[in-house]
Amino acid sequence: MLKIDGISSHYGGVQALDDISLFQREGEILALIGGNGAGKTTLLNLISGIIRPSCGKILFKGENIVSFPPERIVELGIIQVPEGRHLFGPLTVRENLELGAYRRRGKHNKKKISEDFKYILQLFPVLEKRLNQRAETLSGGEQQMLAIGRGLMGKPVLLLLDEPSLGLAPLVIQEIISVIERLRKEGTTVLLVEQNARAALRISDRAYVLETGKIWLHGTASDLLGTVEVKRAYLGQDSMAFSIR
Amino acid sequence: MKRKFLMIVAGALAVSFMLGSPLCYSAESIKIAGIFALSGRGAHIGTSQRDAVILAIDDVNQKGGINGRMLEMVMGDTESNPTKAVMALKKVLESQDVVAIIGPTLTGTAMAMRGFIEKEKIPTFMHSGGDVILKAPLDKKDPTSLPKWTFKSPYKAADAMGKICQYMSKHGIKNIGFLYSNEGFGKDGLKNVMVQAPKYGVTVVAQEAFQPKDIDITAQLTRINAKNVDGIIAWTVGPAMGIIAKNIKQLGIKAPLFECHGAGDPIFWKVAGTAGEGVMMPSTKIVVGDQLPDTDIQKKKILDYVKAYKEKFNHEPGTMVAYGADAAFIVIDAIKKAGPDRAKIRDAIENTKGYVGISGIYNISPQDHNGLSMKDIVMIKATKGSWTLLD
Amino acid sequence: MDFSQQIAQYIVTGLTIGAIYAIVAMGFNIIHNATGIVNFAQCEFISLGGMFMYSLVVLFKVNLIISFFISTAGVALIGALIEIGPIRHARSKEIIVLIFLTIGLSEVLRGTAQEVWGTDNVGVPAFSGENPIHLLGGGTIVPQHIWIFAITVLVMLLLHYFFKKTLMGKAMRATAVNRRAAALAGISVNRMTLFSFAFSGALGAVAGIIIAPISTTSYDTGIMLGLKGFAAAILGGYGNFAGAILGGVILGLLESLGAGLVSSQYKDAIAFSVLLLVLFLKPTGIMGYGEAERV
């Protein structure tokens, strides 16, 4: 479904990504793990069309989408839930969710959108009480749920999740993980970017480990969970900075 | 870009004016400079005064010129801006040897050009309204240093104000409100009314200012109206002339409205619409030429001129066209008498006596470089898109 | 005319003039929210609205209502062209560069308008006559004042509906809050910016059109109204919807009451002193609270 071919990216003269190639099959949860500054978010933004690569191709269902503007990529169903949530703070929770379905605007989708709206509230019951509240007044966990909910309102073909667990309490992380698992069951393809390697590997099918702009390791999630290096570097059995939170 | 465009337009006008003339200009044409506000806020006055001068020059040339030499005008645009006015003048003087200058249009530009003109010793007939042009000394320290080379054709603003006050006292209007635009012209009017009104037993019981670009003047008028005035004088030119007339109608104020001597122009109707009906103002006789008694010695001259003006430019002349015409006529007469010599032309202009012009009868002297008096001013009333002569 | 009637007159005048300022302020706000720039060409939108109306109604004798819509749409189109052309293709996207660009555009528009229409002030007929109407509480207005007031309220309601109830309006607000998040939601930021320019053009035109029968219009009438509207926007809190209305009305009332009760000579000085005082006490304006709710 997604194939990244020899992508490099420069950020103010510094190479952020160096000749990255990876692929993702339909219906699979792919994890992209790595520390701060490894280039994970850069890669997601390249896919979303927010930044342009210096070279390389991004193929989605066989079509090179590298030069597409962000809204066209969203039209294709590639939807990113950005890191740091990037909600529309002064708009209400309801409005945020409605805008998630922006790509499906038009009369004939109205019924389906309202069904999806109900579905999101079922996934995150806490949002229901807050529908008319400004998004910026929500707690961190609620904001993350809203961000994911907004992404799902777009009916993603490929969902890009950027650090969904960042800064959240373990209980909330658990809740979000269960939502991702539920999405997989429903057939959504998910590209999950995480520093929290253990949680990511537990729910994903395959994973790539990114280190300073290069792919360092890749394989099935279970293989990687057993790999010595990954254990040492990311699973907290060493003194490395990024570990399980 | 704007300047360039205007220069092209001015150039095209000059060319078409030459081509339209039945006679060709010989190399020895006598040149005069015409400096007008052809753009900017004074453009509607400047362009019609330019036309007035063109008409006067055309007339002379069609009759064979001056001693066989054609008269030619070199034009400059002040852009209604004092600094640009001086630049335009210098540019004209550099390119051509002119014997006299006609213009400029606005008092501010006139004041900026005045010093330069006196230094260069070129006779200049201005058609700007401000009395200050002739009254203010050139050297601030020497009150006797009045301009020698500068003349102006419009009657004095003080006389216009006096004319209104005289009319008021004749018609029993005693307590008046004075409304003025808060800039040079309006403030000058305020000074004048304070001097003129008492002379005719009229008392200014309320005085209010407004900004020239204000879009609503009801607050000021409400204040004036609260003082139970019998009449209101509004001293301004531009869109406020109409806004005041409209606001007075709106508020149902019964006191009659008088406006300044610049209001008698087609533009008044454009800004005032039907609300302009009944507004009174001092004016030159040009706008009511056909209503003058046959005994008026100016009548024939005015009617002939208006006819020629309408034929050439296809619209009615406003009150200020008269100033442009007279400035041109007097200068041309002086050139006829004195020949193309700057100093002699100046002396000839200064000796103009009993000259029957469009604006009035000019009696110019070394003490009075204008030569008109209050007798030359008439009171008119705005009536159905035109003007009625008042007694 | 007793004192209470005078006061009523000042208030009625202040409200109508304030309504105009409010519409102009809204025009500034919409573009500011979408792009972060102060659009100085807003002044020209006002002048052009009035001059289009004049040309259609007076010169071409077109029906008043049709002229109203054609003029508004025409200026909206000019606003859109400004965005599609110079603003979108500016080499530098620096806010300050874009602001200077709008100053230049404003000069070009004004110069063109001057060449087309000349410098004379011209009148536009009132929408429904000029017979004064006496209000119950004292004070007199002309029908045009009612039009100004009614159209302003209608425009505000429409804007409110658009921004709060329609998806497109919400998308514009979202773009104002966070351009990147909006892009990630599939909202075309370029298109929203384009809309904001067209909207501002239409708002400026409406202001220019409804005031023209009262003030007359010329190629540069918009300058004064534009500056007042800008002041109103700042007073209310730059970028704030309700602030624009409040700022406009307060400024209108200050001017009118200042001229009526204190001194007509210093009425602008009074209004601007209050503006400075408000900004001194609350630099974000009356309704402003930093980067929060805009549009």
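For clarity, chains are labelled A, B and C in written order, and residue numbers in each chain start from 1.
As a convention for this text, contacts are C-beta pairs under 8 Å (C-beta built on N, C-alpha and C of every residue); 3 or more make two chains touch, one makes a residue touch a chain.
Because the structure is a prediction, the values reported are computed rather than measured.
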item: Neighbouring chains common to subunit A and subunit C, by label; value: none
item: Most central chain, judged by mean C-alpha position against the global CA mean; value: C
item: Distance from subunit C to subunit A - Cα centre to Cα centre, in angstrom; value: 43
item: Between subunit B and subunit C, centroid-to-centroid distance (C-alpha), Å; value: 37
item: Cα-centroid distance, subunit A relative to subunit B, in whole angstrom; value: 76
item: Subunit C - residues contacting subunit A, complex; value: 167, 170-171, 173-174, 177-178, 180-190, 292-294
item: Subunit C contact footprint on subunit B (complex, rising order); value: 1-2, 5, 39-41, 43-44, 182, 208-211, 213-216, 218-220, 222-223, 225-226, 238-239, 242-243, 246, 249-252, 267, 270-275
item: Subunit A residues touching subunit C - in the complex, by the definition given at the top; value: 48-50, 69-71, 74-75, 79-80, 82, 86-91, 95, 98-100, 102-103, 105, 134, 136, 150, 154
item: Subunit C residues within the subunit B interface of the complex; value: 1, 3, 6, 9-10, 13, 16-17, 20, 108, 111, 114-115, 118-123, 125, 130, 132, 134, 140-142, 211, 214-216, 218, 221, 223-225, 255-257, 259-260, 264-265, 267-268
